[in-house]
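Read through the structure below, which is laid out as structure tokens, and then see the notes.
Chain naming follows the written order as A, B, C and D, and within any one chain the residues start at number 1.
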Amino acid sequence: MKGLIRKSLDLCYGWLEKSPLKPLKPLLNAADGFFFRGAEVTEAAPHLRDGINLKRMFIFVVFAAMPSALAGIYLFGWRALWVILISYVVGLGLEVVFAAVRKEEISEGAFVTCILFPLTLPPNIPLWMVGVGIFMGILFGKEVFGGTGHNIFNPALVSRIFLYICFPAVMTGNWIRPMEGWGGFIKYSGDLLSGETLISASLPQAGDAVTAATPLTDFKATGELAPLWDLFWGNVSGSLGETSAILILLGGLFLIITRIADWRIPLSYIGSFVIFAFIFHGINPEKFAPVGFQLLSGGLLFGAFFMATDPVSGPFTKGGRWFFGIICGLLTVLIRGVSGYAEGVMFAILFMNIFSSLIDELVLSYRYKEFRR
Amino acid sequence: MKERLMIAAVLLLVSIASALSLAAINNVSFPVIQRNQERQFKVALLKALEIPFDSEMPEKAYNIQIEEKSTEEGTLYLTHEDNQKDLPVTGVAFMLKGAGFWGPLSLIVGLDPADMSIRGLEIFEQEETPGLGARIEEKAFRDQFKGKQIEKKIIVQIKGAATGPNDVSAITGATITSKTLEKIINETSRPYIEAMRSLNNG
Amino acid sequence: MFSASKSMVKRGYNFGNLQGANFSGTVETLPLPDKVIIPLKQGFSAETQCLVKKGDKVRRGQIIGRDDHTYSSPVHASINGVVEHFETFMEGHEPHFGVVIRREHGDERGFAPIPGAGSPDKTREDISEILYLAGVTALGSTGIPSFHHTSDIDLKDVKALVVNGLSAEPFSLPRELLLSGKIKEFTTGLHLLMKLFDLSENIHVALNKEATVVKELGNALKKNITLHTFENRYPLDMDEVVTEITTGKKVPDGGTPSEVGVVVVGIEEILHVYDAVVLGKPLIDKIISLGGPGFKNNKLLIVAVGTPIEWAILGNIEEGMEERILVGGAMRGKPVEIAAHPVERHFSSLTILEENREREFLYFLKPGFSVLSYSREFLSAFFKKTVRKAQTNIQGESRPCIFCSYCEDICPRRLVPHVYSKMVAFGLAEEAIKYGMEACIECGLCSFACPSKIPLLENIMKGKKELEKRGRWSHPIGLQKLEVEGKL
Amino acid sequence: MAEATEKGFRLLTRGLIKDNPTFRMVLGICSTLAVSNRMTNSLAMSLGTTFVIVSSSLSVSLLRNYIPKRVRMAVYTVIIATFVVCVDLYLKAFYPLISKQIGPYVGLIITNCIIMGRCESFASGNKPGPSILDGLGVGMGYSFSLILISAIREPLGFGTMMGYQVLGSWWTPWILMVMPPGAFLVLGLYIWVLRTIYPEKK
């Protein structure tokens, strides 16, 4: 197996050198780098290096998101698989193009973006929209800033907010109820919606899917609360990967144990969210739902564990991370309660992304004040 | 000193020239602009009351068919049977104003005085998000209001289908604009309805 | 100055059970080589005047280089033989002058004793003179002060003495092993030094927590000596750090402990003090450790000073590998360019790593039982007992920084290496001073932990050099400082 | 003569791409972002702005020897404002629908840096002829960029072109393209492409 891949790669290298397809070399390099670790050795002290590398870090985030992705497929039909697949094809394709143009190596960051983004989408989103979203998100969220490591915003959330603003009817107005029995592993839910639908009453219904509002939209419109047990297991309508609290927690814990995500951000985010939700619910229970319901519904857990912990777009100092999480929690409570939007996680995180370098600068200027003479 | 005088003189001359030319242009264009604005309002009003008119000259239909009636609460626009002012009123229209998502939102509501149901709804002025909130201008949405009872609360349903007798389906994704519209209709139409009552009684 | 002494004990990194780090307590003696190269400048010492001519017969222990007028300590011949010729060799960019001596007789271990030595009951002046003549004063990072010019600190300025018994750097000399069976010698040597420094308090001994001799030593030490034990975390064994965690005194940024009146000596140096004063033996034999995966057996070795490195490691190297020979441990060791380079008297360990250029298949999916890693993404993090592989492969690909802040977490000084690295890359080294770059002690953990494989330490050092060039910051230490002050 | 023609031609065309005020100098962005979501609005805005640039360039050029240096900015502003108000009134009188959509931004032509920039850097030191050509060139450049941007934004945002449906009913409008942030994205892409083709001289 190993030898076969090595041989075929070497063959391709030799063949590519002569062929007019030479610009595709980054792709081959990426494949080579995927299968085989680099041969570089340390050049100066320290002579030993940590075993960790970005490839492993990023692939572990994908592993952590796997339970949620599988839950999405189970709950909302295996059409979800298409959504994820399209996201990967378009996102990685764009990454390859930029790597070829910039003559850089392909960075593995897109692997993470391309799995997190589809998990934040409504299950019955038109497939072409997934492609448009990930394209715009990676282009404007990452590549225009210079690629992985230079982006200001979380590219997965940029993709989502692009769709959210462009196609609000699709992104907020139509959801399907989770499936029963064997669920989505054997069932496929059709496209619920074509671009034309103007008024929600006229939504055509297709396949086995039944329309339903998300628990948060429900609360906003009618004040009804979904049962906590359903929210915990994920038996509610919502985005592909956000409904099952238990599986998100599982993935999140995995990220924290492996030290990929800093535990401070989820803890401060969820902690401050719980505290503020409790306070505001006490003040105005009509607008602010009870804490337990709010905690388990919507994208809070997914955002706190997978989106806010993105190291590139968040602050890197410890104090900054605490602050980041706390303000994110407060903003989420406020946006959910006071604004016209039912959900506020995405806005809160993107909003705080803007300030993360400022927060870091403040923390560092305090920490190193002895050096500022 | 001389330089300063020069500056003052040039500034004065330029300003005068500018002011004079603007005044001249304004003189010419002012009546046209005013007529445009009035025509816009009159067209909306005629549409709300479902009165047919010649789109080239809406003033004609307006002058014949509409009676403006100032009351303490505001101006009511009435139409009468056979366009005779002594005959019973067949339609009433009035303008409602409120704050929309981005800017002011005003609309004209036409009523059938017999059962107080809505005859027509016209959006006169709005600055909502194009393609989203601005779709309240679309006919399919406005037509939903026809026949609804203005005295009862009109509910713009955000979630799911409109089922109740006085329910209207919201525009998907434009929750805020839809709810604002509902609020404006339900909250600001009260005085006009009172005025209509007193009109009928009197 | 930047205070972080408390957090420093908790930070850093424990390298755990490294492959090829299992030293046995026994000490072997290397046969004397056919010829030795004795550099006239070894350890903390300026170049000494050569006292021998070509063809001179020299005795083991005879002083062949001495200069009482500069900051230096005498240099001795380490074998009985004839001065064959003189040789200039490069160490870094500096030319060094060495005396080549050819051995004439067999493996003769006898030596010319230091005059006046032979018993522990000596006056301060006597101790100073004996240590100077024995060349022991050239040991330690800034030398051991005496009544001669031997250190950048004056004898009267010494306020504290720290004995560094830690060895957390991979493959560095396992100091606690030196103590087994030598407690008495150690305490005697320590008291000699205390007498020399005229200290009766502020004496600290630092030792690894797990060391077997902790209890024994604790019983042997008098009350005025404080024994500290620490976990085996790199870089606690660096002189600057050990000073801060034992005495609580802040070493100036980029400076040495001597600047705050602290002398730091290793356990091996105390033993040399004992050898010199009680046995009268000059510094001609040195205990060094041979460690790393490149050696068949890791061991402690007594080597005559001046023995070529190739002689010292001969017969102990694993065959058939591309090796990297380092003087010092695996983190801060200096690569040896010429194998004929002599073992100098301040060397304490030789490390051989394998140049690992293997392209492992699907490396990023391996469970990783034997991977050395700061993060917990490998199973080795959960199995403390497994043996970790020491590799020179960077085990990944160079990528842009993703602000994971591993370098910040692991930094013993709570600095932000990735920020400095970026600033230096943008030519803003001045700006990096405002974020504490000068407090860096160059332990190299940031480069070690970086998942993007950025050479952070290299970049920081580049930045410091740039700043020095521009005259914005300089903190010369040791001999360099003396040179700047015009004393050398 | 040929030389003069050539020079005039250069003046006229350099604003199109090489010195395009929007793409190259990133001037006059406010109105560009605001009105370029429909082609008709873009055209109206382009014509209005070009008219103001040309006529204020001409006026400034004519008056260049009489305007005192110290108050030149004030005088330019008065001149520009006069023409802007003319355009505004004209649109209000004869194109009320367009005026309603781009109304506030017509007034903001006054603050468009392109115009002030041309007056200051070119017209104040050149004869009326070249000044007109220069103003026309820059105005064309501005119009060109506006049209290019709206050529993307209108189909994507509304599915229409000049108000006519060009994309079928299957098309889902991209609301972001209707809103000013969409113009940012499109403008950024154009600048990117242009700077890649014509790299900046150093």
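Methods note: a contact is a pair of C-beta atoms (placed from the backbone, for glycine too) under 8 Å apart; a residue touches a chain by one contact, two chains touch by 3 or more.
In this text, all values refer to a predicted model and were calculated from it rather than measured experimentally.
Ranked by how far their CA centres sit from the centre of chain B, the chains are topped by C. Centrality by C-alpha centroid: the chain sitting nearest the overall protein C-alpha mean is A. Annotation: 88 Å between the Cα-based centres of chain B and chain C. In this assembly, the C-alpha centroid of chain C lies 71 Å from the C-alpha centroid of chain D.
With centres taken as mean Cα positions, chain D sits 40 Å from chain A. Chain geometry summary: the mean Cα position of chain A and that of chain C are 48 Å apart.
With touch defined as above, residues shared between interfaces to two or more other chains in chain B number as follows: 132.
The set of chain C residues touching two or more other chains is empty. Among the residues of chain D, those in touch with two or more other chains are 173, 175, 179. Checking each pair of chains for touch leaves A-B, A-C, A-D, B-D.
Within the complex formed with chain B, the residues of chain D that make contact are 37, 63, 66-68, 70-71, 74-75, 78-79, 81-82, 85-86, 89-90, 92-94, 96, 157-158, 173, 175, 178-179.
Within the complex, the chain C residues that touch chain A are 1-2, 170, 324, 326, 330-334, 353, 355-365, 368, 371-378, 380, 390-406, 408, 414, 416, 418-419, 433-436, 438-439, 444-445, 447-453, 455, 457-458. Across the interface of their complex, chain C is touched by residues 2, 5-6, 33, 35-57, 59-60, 105, 107-109, 147-150, 257-260, 262, 311-312, 314, 316-317, 364, 367-368, 370-372 of chain A.
By the touch rule above, chain A contacts chain B in their complex via residues 167-174, 197-202, 211, 213, 217-218, 220-222, 340. Taken together, the chain D residues at the contact with chain A in this complex read 169-177, 179, 181, 185, 188, 192.
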